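Shared chain: chain A. Partners: chain B in the first complex, chain C in the second.
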Partner chain A sequence: MKMKSMKKVVGPEYNLGDKIKTNVYAVGVAMQESVYPHTATVFYPRERKKMPDNFRGFILFDPDKCISCFNCSFVCPANAIRMKEAPNKRYYPTVDYGRCIFCHFCIDSCSGGALKATKIHDVAYKDMDAMFTPTEEMIELPEIIREDKKYVEYEIKEDDLHLKRTKGEDYLFVEVPPPKEIPMVSTCIDPGSCIGCRVCADVCEHGAISASVEDGGTLRMKIDTDECTGCGLCVKECSMQILMLNKLERE
Partner chain B sequence: MATAMGAAGQSEWEVAVPEKPLKDKTYFENLKAKVIDTNLCSRCLTCAAICPGGITVVGNKVDFPDYETKCLDCGACVRVCPRFVYEPKSGLGDYIEFIAGRSKRFAGQDGAMVTELLVSALEMGMIDRGLFAGRDEKWATEMFHVREPEQLAITTLGGTKYTFADVLPALKEAVGFTKRGVGIVGTPCIVSGVRKLQQEYPIFRERVKLVVGLFCTENFHYGDISKFLQEKGVDFSKLIKTDITKGKFIATMSDGEKVKFKIKEVEEIVASGCGVCTDFTAVESDASVGSVGSEKGFSTVVVREEPAKKVIDFIKEKEHADFGEAKPEELDYLINLKKGREKNINSDAASS
Partner chain C sequence: MMEIINTLMETVMSNQVSIPLIEPMLDSLPEIPMLQYMVAFMLWKPIFALLICPGLTVGGLSLLFFPWIERKLCGRAQWRVGPHEIVWWLGGVIQLLADSLRFLFQEVIVHKDAHRPYFLQFPFLSFMIFLLPLLFIPAGTIVAIQTPYAIQIILALVCLFPLFILGFGWASNSRFAYIGTVREAFMYFAYEIPFIIAAIAMIILYGTSDPLLMASRQSIPGIILNPVAALVFFIGAAMATGRMPFEIPDSDQELCAGPHVEYSGIAFGLIYVLCYEKGYILSALMTILFLGGGSGPAIAGLGDLSGVFWFVVKTYLVLTTLFMLRAVYPRYRLDQGLKLGWSPMLVMAIIGLAISLVVVAVRVI
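Right after this comes the complex of A and B.
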């Protein structure tokens, strides 16, 4: 086989003008550095590195948005999330930071947008047990002593990384728009297995399910999709576990 | 107008309401009058499995405390109770194969073929959980959902317990969890209960994949049999096996000691529902297993339906068990004995 012709990398050819220009620039940089030394080192804690918005740090939790769906605890690959019963009888997540690998799958999976990412990455614990974070401690940020006066960013300019220092404190929250609410209604996925116990109708707080006996020995079950709010209570309580929330389509 | 999207669910449906012989009474009172109070009840707990209200066992009887306020009058109990409209079954039924088997992997009552069938079905992926009737240290039954063959390390899962087990309430729970299917084992009355549940509700039809029946002549309420055995000097902490063979009840202790007595002595405490039970071989099961019909150390296996045949073929292919010859005629005596109980069924209480 014939070798393809190779390209030779040729060094730049400087003319006199270019040579003077680069030497003057080098002397300039040297003089600038001797007067006001430039450093690439970040002086922690007085300077913080500015983290991008997709940084995965400490997890915050808003109980008002949590629907206790357990999604976060199911999805957690590190088994760091345990659901614990709160005094209001609802189940809320707790995070064991001794296990958490900061994948934020939990945040991505949260149906209600109750879990939120922050850029906090430097929480200190006395021991492993203290790394277990109960729900109460996830609602507010942990106590932070902030000594940072500047934050540091790296900017890419013409293939070069440039360090930029800005005075002030970096904002540690990440604002994410709340997830779009998808209207849901309850439906029966296995009508043949319905035993007609009417438990669903009894628990529905919106009177959306009716069960009426017709002559000839049939019970007519009906879910009024206009009344159903998709709260899911009937789904949870159904004796045969045959109700399921489905997306609502308005015509 | 709004509709629910997708073919997955329905917003309107109908449920057939069963007939109520005593019109102005609740369904539970109907069940009680027709089955429980007439001593027809086998304590299979099919009713309790389906009942959303709270049918349970009180002492030796199936009951529903506070039914006046708690029965939802849905009728599910009478729809599934195999003895509400009792069609007594008997005989050996049709079968594909009649063999003796002894598991090479497990120890059990006889040849541990029940354990072998359920574990092999798990390994084949036919089911993802098998329900076993285990026991506590006082020999009261406890239900176990076996999902991994390793769980059989609990040695009390195999072996016969001569007292009722709450198999069907556990089955109701299991069908809610299962992805592939559930396998169960039970006495003939329990097998009839599963078939009733399957006949009435698709959820059981689709999710119960293997039903193994046990040969059965009688069973006992826990309170009665434990009291009786204690009076006979049986120490539960040492009891490792109970068996009924050749008219004798034999309790074997861990030190090898045996307490034996004639089965006649326990006749009085045989559960009343067994007195009207005519099915010895669990004719409705996919496969039934028992000790009569084969040599000591082997289980007699009657393979009736395709799912059980597949599992047996798998066991043969993997050489998990030794097989031998079983003799159907050896079952005749007990089959006829049980068929004879038909006369105990009060004709106006049973099917008419």
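Right after this comes the complex of A and C.
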């Protein structure tokens, strides 16, 4: 196969006039900048850069919304999230910031909206062990000494970067509206395979699943669709994997 | 005894720096014993040149503040801030003072393989070659030693700087220092020849090498009479100081710090200011050769200090431009530096020499 014509990449050629012109321009820019500089530095402790609302920073946790579904720890690509048992026998996430890569997959995967993103990016730890953050420390915002009097935004005007400084403190916690809930309900897809272990009834927090013995001595589990919140705990715990979450169809 | 003192006083009083502004103050001094002798001694022109300008005081102040000015200006040109946190309301002026305090209390480490006596001697001796050329540099009309061969002597003494840098590298006995030293030697030959030819061109142009006479013959500044030689001299000075566009010997990215890689503490502090010392002397030389020395509109009340003022202003202007180059130009490789020195600069220096000859011939005709 014959190769097509090759093109050699060469740098642009400048004649003497162009060289003098570019040199004079460069020196002019340097002089102009040293008199009126477009300094792009943010004086960090005294002022803060305004981060976008979807900034991926420190992760906050709301135990009331957590359903202990373990999704966050399953999805975590860095294995930073471990579930730990709380005194109320529930499992809550803990984050090891020595491992966390701030991908926020956990927040995306959280079904109850219990994990929340903040704009905090400057938390200091004494050593690697202290970077392991237990659940209790994730509920409140970490203690931050705010020295900043202004916040800074970058603006690009006429191909140049400009800083826009505004007085006041930037908010670090973003209030996100709660996710739109799709009403779900747990249903048994194959009642014949049920072994009657009653794990689903034990795990249900709302008492929606009850067991009853039928005439023939067979155990029958019943799901009360009005009480069921569609949290999916029973689906996860079912040893025969015959429970499934379905969209609740109300008339 | 009194006769000796009187004859000494006569020589001292005959060559005083006259400052009309402080003369009423000086007239009231005889009431205080001894002080008038001391003031007269201080105002004796050679001692004034040695201790105040262009000597220790102005030189030392420029060593103290020029690293700051350089870093600040380059920072602004590159959208940074430069030194900021130490006395931040003044923009970090005393940065080098803080640094030198740190240098003072830091241990000077002499490693096992170093040539110990030379390793410790060279940094301290290198300060001497900064002071020696200052004896021959006039600020206005004030000069410590007036000789008709001043420019040649200054050039010869400035050429001692690379010798000391070679000394650092040799005494360090380290591979980085060795490579840096070889590069310094290469660069030295590349810039020194065009540099000296440019200076000779100006000596030919003025017909003298006495700085005071040179200043008086520059009714038109030398930079207009011979811009080519001025350009060559300026680039040569930039290469000689070894600052950013030409920091080939101590290239941080490749050789850590080149010849002074093994130094620490106050020894490093003295080497750190070496290029500023060299820059100060070369800027003073450029002021004398091309910008008319201390000549300028006389300022009422300052007397002889008027010349000193213009000299310092011009020198600092050249020095700032010299150090601002690092904000504008990217750095050169060794081969590019050598090529620049041996071909375009050498040719331009010879063209400058020819221009000088033509100007001299035209004047004679």
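Keep in mind that, in the parts below, the second predicted complex is superposed on the first by the 159 of 251 C-alpha atoms of A that agree within 3 Å, B and C clash if a C-alpha of one lies under 4 Å from a C-alpha of the other, contacts with A are read in each partner's own complex, and residues count from 1 in each chain.
Rule of thumb we're sticking to: a contact is a pair of C-beta atoms (placed from the backbone, for glycine too) under 8 Å apart; a residue touches a chain by one contact, two chains touch by 3 or more.
None of these values were measured; they are calculated from a predicted model.
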- [ ] May I ask you to decide whether A:T41 touches chain B, chain C, both, or neither, giving the answer as first, second, both or neither?
- [x] second
- [ ] Based on the superposed arrangement, let me know which partner A:S193 touches: chain B (first), chain C (second), both, or neither?
- [x] first
- [ ] Would you sort A:P87 into first (chain B), second (chain C), both or neither based on which partner it touches?
- [x] neither
- [ ] Please work out whether A:V27 is in contact with chain B alone, chain C alone, both, or neither, and reply first, second, both or neither.
- [x] second
- [ ] Kindly classify A:G17 by the partners it touches after superposition: chain B alone (first), chain C alone (second), both, or neither?
- [x] neither
Open item on the list: Give the list of chain A residues in touch with chain B in this complex.
Closed with: 185-199, 213, 217-226, 239-244, 246-251
- [ ] Report the residues of chain A in contact with chain C in the complex, numbered from low to high.
- [x] 26-27, 29-31, 33-34, 37-41, 43, 161
Task: Residue ranges of chain B in contact with chain A within the complex - done: 1-6, 8-19, 50, 52-53, 72, 74-76, 79, 176, 201-204
Open item on the list: Looking at the complex, which residues from chain C come into contact with chain A?
Closed with: 73, 76-81, 84, 324, 327-329
